[in-house]
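Each of the two complexes below includes chain A, the first together with chain B, the second together with chain C.
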Partner chain A sequence: MSTATLPADSVGLVSPRTLQVTTPLQLECGVTLPSHELVYETYGTLNAERSNGVLICHALSGDHHAAGYHSLEDRKPGWWDSCIGPGKPIDTNRFFVVALNNLGGCKGSTGPTSINPQTGRRYGPDFPVVTVRDWVASQRELQAALGIERWAAVAGGSLGGMQVLQWAIDASDRLRHAIVIAAAPKLSAQNIAFNEVARQAILSDPDFHAGRYYDHGVLPRRGLMLARMLGHITYLSEDAMRAKFGRELREGRLNFGFDVEFQVESYLRYQGRSFVERFDANTYLLMTKALDYFDPAREFDDDLAAGLRQSQARFLVISFRGDWRFPSSRSREIVDALVEAGRDVSYVDIASRQGHDDFLMPIPDYQGALGGYFDRIAADLAR
Partner chain B sequence: MSTATLPADSVGLVSPRTLQVTTPLQLECGVTLPSHELVYETYGTLNAERSNGVLICHALSGDHHAAGYHSLEDRKPGWWDSCIGPGKPIDTNRFFVVALNNLGGCKGSTGPTSINPQTGRRYGPDFPVVTVRDWVASQRELQAALGIERWAAVAGGSLGGMQVLQWAIDASDRLRHAIVIAAAPKLSAQNIAFNEVARQAILSDPDFHAGRYYDHGVLPRRGLMLARMLGHITYLSEDAMRAKFGRELREGRLNFGFDVEFQVESYLRYQGRSFVERFDANTYLLMTKALDYFDPAREFDDDLAAGLRQSQARFLVISFRGDWRFPSSRSREIVDALVEAGRDVSYVDIASRQGHDDFLMPIPDYQGALGGYFDRIAADLAR
Partner chain C sequence: MSLRPDLAIISRWIEPGSRVLDLGCGDGTLLDYLQRTRAVHGYGLEIDGDNVNAAIRRGVNVLQVDIDQGLGQFRTASFDYVVMTQALQAVNHPARLLEDMLRVGREGIVTFPNFGYWKARVALGLRGRMPVIDSLPAQWYETENVHLCTVQDFEALCRNLSIAIRHRRVVDWQHRSNWAMQRAPNLLGEIALYSLSGAGRAGR
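Our next item is the complex of A and B:
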């Protein structure tokens, strides 16, 4: 796109930066990372009181590029551009927005594709399993490095929302507001089952080479493609799939073969293939494990309310009625625990029925709820 | 098991037989099979009027072994043994029950693992795509060979139920009752999407060798295992998965690795691995295509009622509330079309919440409904 067409409500051209975290990080799995790098972007300006910082946590395949464009040629902006920008729900005229690529990621932060200083080659399968709690610990290093005592808000959808919940438990004096979108207090057996099939697709791909595909000059394309295709089934509601594709035949007739026939097949194959070009299989495995392990109530005898009782944050929980990956009922479990814990919580169930991916979409009711809540945060700050 | 322990309500020891169909069969895809074999079993005795025949149609991974035992050492009886036998819902003291392996199958009927007479080697990927309508045509050959003018009933669950519906449309004067269980009038886009991921898992397995794995002395184990794991997620309701496995850890603790950790992973891997030993990948592909293509209303301008208006059969439709593969709402679409078409239809929605697999389970309400309906069929015959 040319400069002339950069949208007026965009944060515009942005560049990622890298933080060197030199404090050793003790991970839940027992491994200590002596140092690590976090790549991040910021939008807007940190105020003099350093009180208007908003941390954005990403979901399974997200990264630090949440808003704006990296170049004028970019066809698409960052993944949450619909919600972050001047005048948008997370208004960069008022807030200093920070988005990072999580530890274990593949977009610049230390992860399986990084060089292991101990061996001089890529970590690959030797990269330790990281948890949502590890991410919060790592994100606190970023917070400290930016000189932000307390985030005005931490926000995220799906796996991002789980990080927000963990923030509210592990570091509740470090954030004023927790915004948990399209998340769940822990995965269901069915959620884990889907993740397991996706992992097996990757692990059993002969090109996976026990995670050392980099050394073999190949990628486990088939496995990662299957994992992504499967993921996409869970991101769209049945209704949305019906509305989008129905039983439409790509060539208008049955071919009695195994090439693409129905439009939905074409869509899934495209999603799978394009994902392989931009995502790392070892990171995908790590992200699904972080999802499976997430269960912040575990250390409170499975009592989430007990975990949230000490939290100083105020909460906004948002769910989407068409989401069958993390249905509204799972968000209500979080809300119920917050109410039981006596916390300040607002809850919005958005009537949109596209599915889990709705948390990324510019849905007016959703943007209205999110924007309204951020107005309240801004008003709190101004007091 | 020893003779002493063969259950009294079992049809006992049974042996499959083979029918040579020498009439050429013109398939929907355009191919004509000059001849084919069907392997089948029968339980009970055909009466003098040849009026008590009941045809059982199998689902995706089923076969002709629906009841009884092949040997005293068998650990398990046929797949629908809970419903077929003396005194059971489909009472072999009253009915002559016929179950076959469908054309394209891998348990003895002509299919991809059979020798292609034109080449002298296994058909493999050259076996033509077969449809539900082709199966009905092939099953009519079996009916004729058995000297049965009209089935007392044709019954089946899931893909088997779809065959029943097609019977009622294509050969409605050849059956008195149509028993359609846990089925749908056609697949949804989401159903097709799951099938497509399963197919891609098989097709992309390097050991698939474009369907010629027999010639390479290998099997596409990884792909077929993934397909089956994915299938099992759709066979169980979320509630059932939670009740069966919850988030139970197999070793009671997190291992921070990619071996089995949660019980549900162990279950899925076991289901996947054991399936590979007993099923053919090319047949699996064909079965999923038959599911995708099934849409009997298509030739009636998408008006299922129009297709059913001429049917002479009476109908029993059964669904299960926990079934999310083919939910009760899909069965009600069939019922609505039957009502609109002025057909005689009974409908039962079983409260059990295990999932799609409930149609195979000995659920009292289900067995009561099925048995009651067969009592009515028997009473009709006695008139």
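Our next item is the complex of A and C:
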């Protein structure tokens, strides 16, 4: 790909930066990290009032590369390029967009693959279990380092949306708008069950070596691949799977064996295999635990409205009708709590059929709602 | 752009600083007006995606939900007013929804096209055709209206449900009014506007 072919509405070539957080971070699990690193990217320009910052929180397997390209050879842009860029819903002509790799991640921020300064070895399974709340605390360090008193908005989908909700509860005077997409106020038993099967797939892989696979020069490939295959089943609706693959056979005939025969098998194996090349199994375990533990209402006697009553943020909640991982009814729980708490909230339920992954897709109604809301934020900032 | 006169009438029935739920809020015009002139805090419910996006751009709180599913998600007495303009005749269960409105809100405000309006009667009674008039512009096979009623029908339902009528106004489709219309609302009123309360209902 040459420069001339980079799309006009792309943020273009970007490169990540690293923040050294030297303030000790006390984690919920009791461990204190004396220091940590956060890798992040920014798109657009911070205005003189430092009021146009937008924080993007990533989902389970996301990272700091939310938009643009790292090199002209990149086949694909960042994971939320459909929504971030000049003239896009999160318009980088008006907003200063910040995306980071969360603590515990495997794309450069301190995590299981980092060297533990106390042992000189990779953390591996010794890396502490981090929570959504810990992530918000660490993201506040990034906010402070960038000199941003208050985000214009914090936005994210899925596990990213959960971080947004936690922001609105823990640091509501530090953000004006909270945009919670395809999320849930906490996981259901079914959600946790899927995560547990994914974890068991990794933990029972003989190459896992109790999380010390780095020392053995191997990767728990089969386990991580299975975990990802399972994940992908939950990211697509049944309709979408039927439309995409049906019962189509790769070779057009039955082979009466256990090799790949149906297209859907081929798709899942491809997704699983390619994931193994770019993701760390220990991080996957940590991310699924952060999901399972997320329950911001717990400290308010299971009353989410009580937790949101003091929040100063205004909310946009978006769900997708084809999503069965976090269906619309789960977003409605968040909306109902916000209405009960008397908070400002708009809620959009997008008619889509793809499934949970719809939050990454360029669906016109979705982009219209998101773009309209950000237009409004920009108008309020200009006042 | 000046506000639709029916919305101006409604806003006079609403106390400043109150909590308002607007069922079928469209592009959020009424809520926007009430926020600016009456300092209300409100939410609109709307099913149409384009309307939802328009309301978001206005800076109105809008929730994309189907009011035909009822208001079960909203707590009893959690709003001062529940408003529904020009939607009663298009919902699946008008009586149930009216009761639900007065459960969730202290007062209800409802507007609907009066099927007893003389032009509707002429169309049906003399010409033998379903009326296509300013307040009912769609053909029978295209309309979203499924529960059309007259002023007298509506007031009979209110009596059955022990709903108290606090105010009634009837206007023409341009929302103008005159003395004669208020004297013979069922014949001369094209659009009816009601302010309701559940005060007369048992246990309240």
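One rule holds for everything that comes next: the second predicted complex is superposed on the first by the 383 of 383 C-alpha atoms of A that agree within 3 Å, B and C clash if a C-alpha of one lies under 4 Å from a C-alpha of the other, contacts with A are read in each partner's own complex, and residues count from 1 in each chain.
The rule is short, and it goes like this: a contact is a pair of C-beta atoms (placed from the backbone, for glycine too) under 8 Å apart; a residue touches a chain by one contact, two chains touch by 3 or more.
In this text the structure is predicted, and so the values were computed from the model without any measurement.
Who does A:Gln190 touch here: chain B (first), chain C (second), both, or neither?
first
Could you tell me if A:Tyr373 is touching chain B, chain C, both of them or neither one (first, second, both, neither)?
So A:Tyr373 only meets chain C here.
In the superposed arrangement, does A:Gly30 touch chain B (first), chain C (second), both or neither?
A:Gly30 contacts chain B only, not chain C.
Examine A:Ala48 and indicate which partner it touches, taking first as chain B and second as chain C; both and neither are also allowed.
A:Ala48 sits against neither chain B nor chain C.
Looking at A:Ala210, would you say it contacts chain B, chain C, both, or neither? Reply first, second, both or neither.
neither
So in the superposed three-chain picture, is A:Phe245 touching just chain B, just chain C, both, or none of them (first/second/both/neither)?
Only chain B; A:Phe245 stays clear of chain C.
Look at A:Asp295 in the shared chain and tell me whether it touches chain B only, chain C only, both, or neither; answer first, second, both or neither.
The first partner, chain B, only.
Contact residues on chain C for chain A in the complex?
19, 41, 43, 49, 52-57, 59-65, 73-75, 78
With touch defined as at the start, can you tell me which chain A residues reach chain C in the complex?
My answer: residues 316, 332, 335-336, 339-340, 342, 344-351, 365, 368-369, 372-373, 375-376, 379-380.
Under the touch definition given earlier, write down the residues of chain B that touch chain A in their complex.
28-30, 128-129, 186-190, 192-194, 196-197, 199-201, 203-206, 222, 225-226, 229-230, 232-233, 236, 238, 241-242, 244-247, 254, 256-258, 261-262, 264-265, 268-269, 272, 285, 289, 292-293, 295
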